[in-house]
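Next up, some structures in structure tokens.
Two complexes follow with chain A in common, the first pairing it with chain B and the second with chain C.
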Partner chain A sequence: METRSFKKGLPKLFMHLRSQPIEFVLFLCASFSVVILLLMLLFVVMEGSLAFTRLGTQLILGQMWKTNSDLYGGFPLIYGSLMVVSGALLISIPLGICTSIFIAEILPFQLRDPIKSVIELLASIPSVIYGFIGVTFLAPLIASIFGLQSGATAFTASLILAIMVLPTIVGVSGETISAVPIEYKEAALALGASKWQTIRNVILPLSKSGMLASVMLGFGRAIGETVAVLMVAGNVAMVPTPPWNYLAPVYPVTAVIAMQMGEAAVGSLEYSALFGLGLILFIITFAVNTIADVIVRRRPVGRSVQL
Partner chain B sequence: MVNDAKVDIRNLNVWFGDNHVLKDVSFKIREKAVTAIMGPSGCGKTTLIRAINRMNELICGCRTSGEVYINGHNIYDGNINVYELRRKVGMVFQKPNPFPKSIYENVAFGPRIHKMANGREIDEIVERSLREAALWDEVKDRLQDSAFNLSGGQQQRLCIARALAVKPEIILMDEPCSALDPAATTKIEALIRRLSKRYTVIIVTHNLQQAARVSDFTAFLYEGRLIEYSDTKSVFENPRSELTKNYIAGKFG
Partner chain C sequence: MNRERSHGSIQTSRAIIVMTLLFIVGFASGYYTDTLFSSQTVVWKEDVAWRTESISISGSTTVLPIANACAIAFMNKYPGTSITVTGGGSGRGYSEVIDGVVDIGMASRPPKQKEINDAKEKGVALWLYPIALDAVCVVVHPSVNKTLKLTLQEVGKIFAGIYTRWSDVDPSLPDEPIYVVVREPGSGTRGTFEEYVMEPYGYDVTDAAHVRPSNPAVRTTIETTPYSIGYVGLGFVTSKMVVVALAEEEGEPYIYPSIENIASFKYPISRYLYLVTSTRPESGSLADRFIDFILSPEGQEIVEEQGFLKLPRYPAGV
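Let's look at the complex of A and B:
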């Protein structure tokens, strides 16, 4: 038998693979996604490079996005994205964390799994369905409540996104709550702590980092969402006045890319600017997901008692 | 046998789902003494002491019948405040389980949630409890250190101090030494003897020698039934039941 230590790195791995045809095939399959990721990144960088060299920081800081006049200032779009996503998180964080605490600590045992599955089901609804519920139901409702001409606003998009990221937040923070060792809960309860005191003083402090991670994963999901957002955000490439006016339409980055890519001539500045925006989006999502990953991995909850 | 009963258990039955764990257990536990509950694994020892502070009901599918009187009040009555009950009946677990907080915060946790004191008074409670648990001299200069930096035996004494901080009357100990080395065990046993001057201590153990060393009274539990209960000396020297005799002789367990 051959020893399977790959500690000596890639050269050793390749030597090993050469003698094992089946494992070589598996290796090819496994490499596929990594290679695709790198190729995609390369492609986006190449296509976007024209915009970065010609527009420089204008692509991020420029105030005007007008394709007819060849103005590609991405600021209102990036602002729109961040506005919609922060609005969504403002709603879904309290809602999601309260839900996960309720499910993990208060709901009777028999009901936990069914309720969890129902919430997970939210994640399996195609985003276009969220979009048209937003268009046909939510937008008119918001228009009539606030007396607006159109209900397609940043607020509408935030509401839709809040529901879409709820399963992520509930799922991940629920997991961290369940990961709190039962010994700590018992210790608190045996001292006469009530359920709520145990949650607040023992469970929440121990699940903080996992909850933070759940929020970041939710952020990553929300900022990348396209179809539902472009259907309800109103799509006006301007920073609202005043800038915190959630009842104004915005044009998030993903919506711009989806709407305008089809019309942009390949190789044109517009085409490249859209890729540039895509790259910015990619970097934001990548950074946030990486941070969330790091937090989840070093969470101190399961630390065992040293004897 | 016991007249001045602190805890009076009558016809206690506990089920977990279909599993009948405790069968008609009745006995009285003397105040300010150490009562050991011994028996082979799975005989219901832990369930029995967890019935005294109503911790069993936190487990899914648990059902209890019968009465447990503490100071003459049935703790299974509807009008009993279970949080106050658990303050009065402290518990120390098998594996030391300090909170991932500082030594100080571990002891202060109980007084804080029961709003028993604030500020300087908490300092006093912490010191008093740590002294009572024979840990003060070892930790007085590092109260803000994480409890995880303590050794296993120290952690267990910290857990005892944490239980003492809320001024309990009864202390339940669920095999408190089973995760500790002999030196730490000796210290805890000496501590248990000292605590029994002021508290009613009920200790679960499957270590026969430990029961013989620390307890005034011993109950022998087998397959959910109370087989024998008497003062420790007679249980070990003069067991009435054949089962107890065989258990003590090491024929099973």
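Let's look at the complex of A and C:
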């Protein structure tokens, strides 16, 4: 379906561009971001190609990341990234979705906007500030609560990330909740359903896909976060023992790239391996964002609802 | 419907054309005044061209505080000059000097063979200017011991993960796991440390080491983590950590990184800090004057203020 609309749309576009010079200027502006995206992808693939040809699957599955001995096994790093992000989502999904339901359905109308903007404000705090608070406040706190030597652990990073992705999750799932047609709610209430029954049986099923999308967007935001994670994750390139031990330090991919890129000799295997890791990260976020996009597009409003 | 749209687009297109024109006029006038002013200064007097020059410096985070303080002092002394200093590590210092991205690089180690080859390929010669003396200090959290003495090999075994508990090193030390803190690969401090402590014994840093991106980050980690050990440049030692006395080998004297011991190279991990340029800077240029400034008594004073050691007036040992 997409390709057909492309076939129809493109000739239309070129007709416009020929007849209207100003629209051509607008076209150039609009294509800028697309071109940049393609160029960046090309650049990352080119720089990372050496690592993929020399290391192959070792870059993804290898257990040892040792620059000194030219060993670039990315598994502990990718594992660290996924561990931190899933921890963050485990915390922020219930928190975010409950918040958005509360804001959209329970909070009095007059208070909605102020509370919403307070949560959005969280997104405007620079990530280095989160990292700073994590290092100076959260890490010592976690160390003393759990009796650890150091509070720089996967759990600390997850906690910081959870707060950072909260605005994304609250914002997007809030949108989908308010997109539920008012008639559905009114119908449910008129049938004698309580507020909670309405939320559970009408609003939640209808906004399920939007909430899933918000989680995916949050995932994309979390896995790309660098500075805050670098400051609190502890940075040990090993899969924790046991693998689900959240109180152990991890070394997420973004932290490794930020840490080593400045020092890597251009064109070396190390340099290329870092780009390779970047490409893997890129593919992961791209896949997740695409899935989110597809889900958002088929929003099932208009389907019958069972009370 | 079409007519309405085209009417709307004429209005928007007018607005856009006006805005574009404004931009063009703005840029053009900026460019014009810029050339006007700069040509004035050039005509004014040939000799003072450096007074309006700007240079950029990048590289080792160890050298960064020296370069930064000197740049500020220099710019205060000669208003109009502009010196930008950024970190990134010795590796970045060398690569950006070779690529011509910056005018001066900072390094806490001599260039590696790969960097020398790189420079040769690009047809530039690296010029190294020693500007200060530094020592890599092995530091531990006070919880380990208030006075710790180790041989280089013992330190190596700790960082290689052969000793994992402090009681493995010496039974009198606490029976607690060792928290090893290292710098990122490519760091000059790490390079120097490994050259003296790890490589002679064929050790490699343990997987369980905690990586930190800068001297201050290592400092914070050591200060706040019980039973931790790490290494920092001399200028980053604080009273909240214990400096370890080192001996080259068992039986040799244990030596603290004091000023005399570093200047005489008795302390095992002493090193020079460098500024690097890709060609010899033209005499009288800003880069040339800045390097001269750091080497002057005034600049060396700043080196000392930042916690490093002045260059000995004569080569050590003479």
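Operating definition for what follows: the second predicted complex is superposed on the first by the 282 of 307 C-alpha atoms of A that agree within 3 Å, B and C clash if a C-alpha of one lies under 4 Å from a C-alpha of the other, contacts with A are read in each partner's own complex, and residues count from 1 in each chain.
Here is the rule we use: contacts are C-beta pairs under 8 Å (C-beta built on N, C-alpha and C of every residue); 3 or more make two chains touch, one makes a residue touch a chain.
Given the structure is predicted, the values throughout are model-derived calculations rather than measurements.
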Contacts of A:86 with chain B and chain C, given as first, second, both or neither: neither
Chain B versus chain C as contact partner of A:127, first or second or both or neither: neither
A:206 touches, of chain B and chain C: first, second, both or neither? first
More chain A residues in contact [chain B versus chain C]: C
Which superposed partner A:188 touches (first chain B, second chain C, both, neither): first
Which of chain B and chain C A:49 touches, first, second, both or neither: neither
First, second, both or neither for A:197, with chain B first and chain C second: first
Chain B and chain C footprints on chain A, overlapping residues: none
Chain B - residues contacting chain A, complex: 53, 55, 58, 60, 83-87, 90-91, 93, 95-100, 109-110, 113-114, 148, 151-152, 155, 159, 162-163, 166, 179-180
In the complex, chain A residues that touch chain C: 20, 22-23, 25-26, 64, 66-69, 135, 139-140, 149-150, 152, 230-231, 234-238, 249, 251, 258-260, 262-266, 268, 270
Sites on chain A touched by chain B in the complex: 109, 181, 183-184, 186-194, 197, 201-202, 206, 300, 303, 305-307
Chain A partner contacts - residues on chain C that touch it in the complex: 9, 12-13, 16-17, 20, 88-92, 95, 99, 112, 114-115, 118, 176-177, 179, 184-187, 194, 204-205, 207-213, 217, 220-221, 224-228
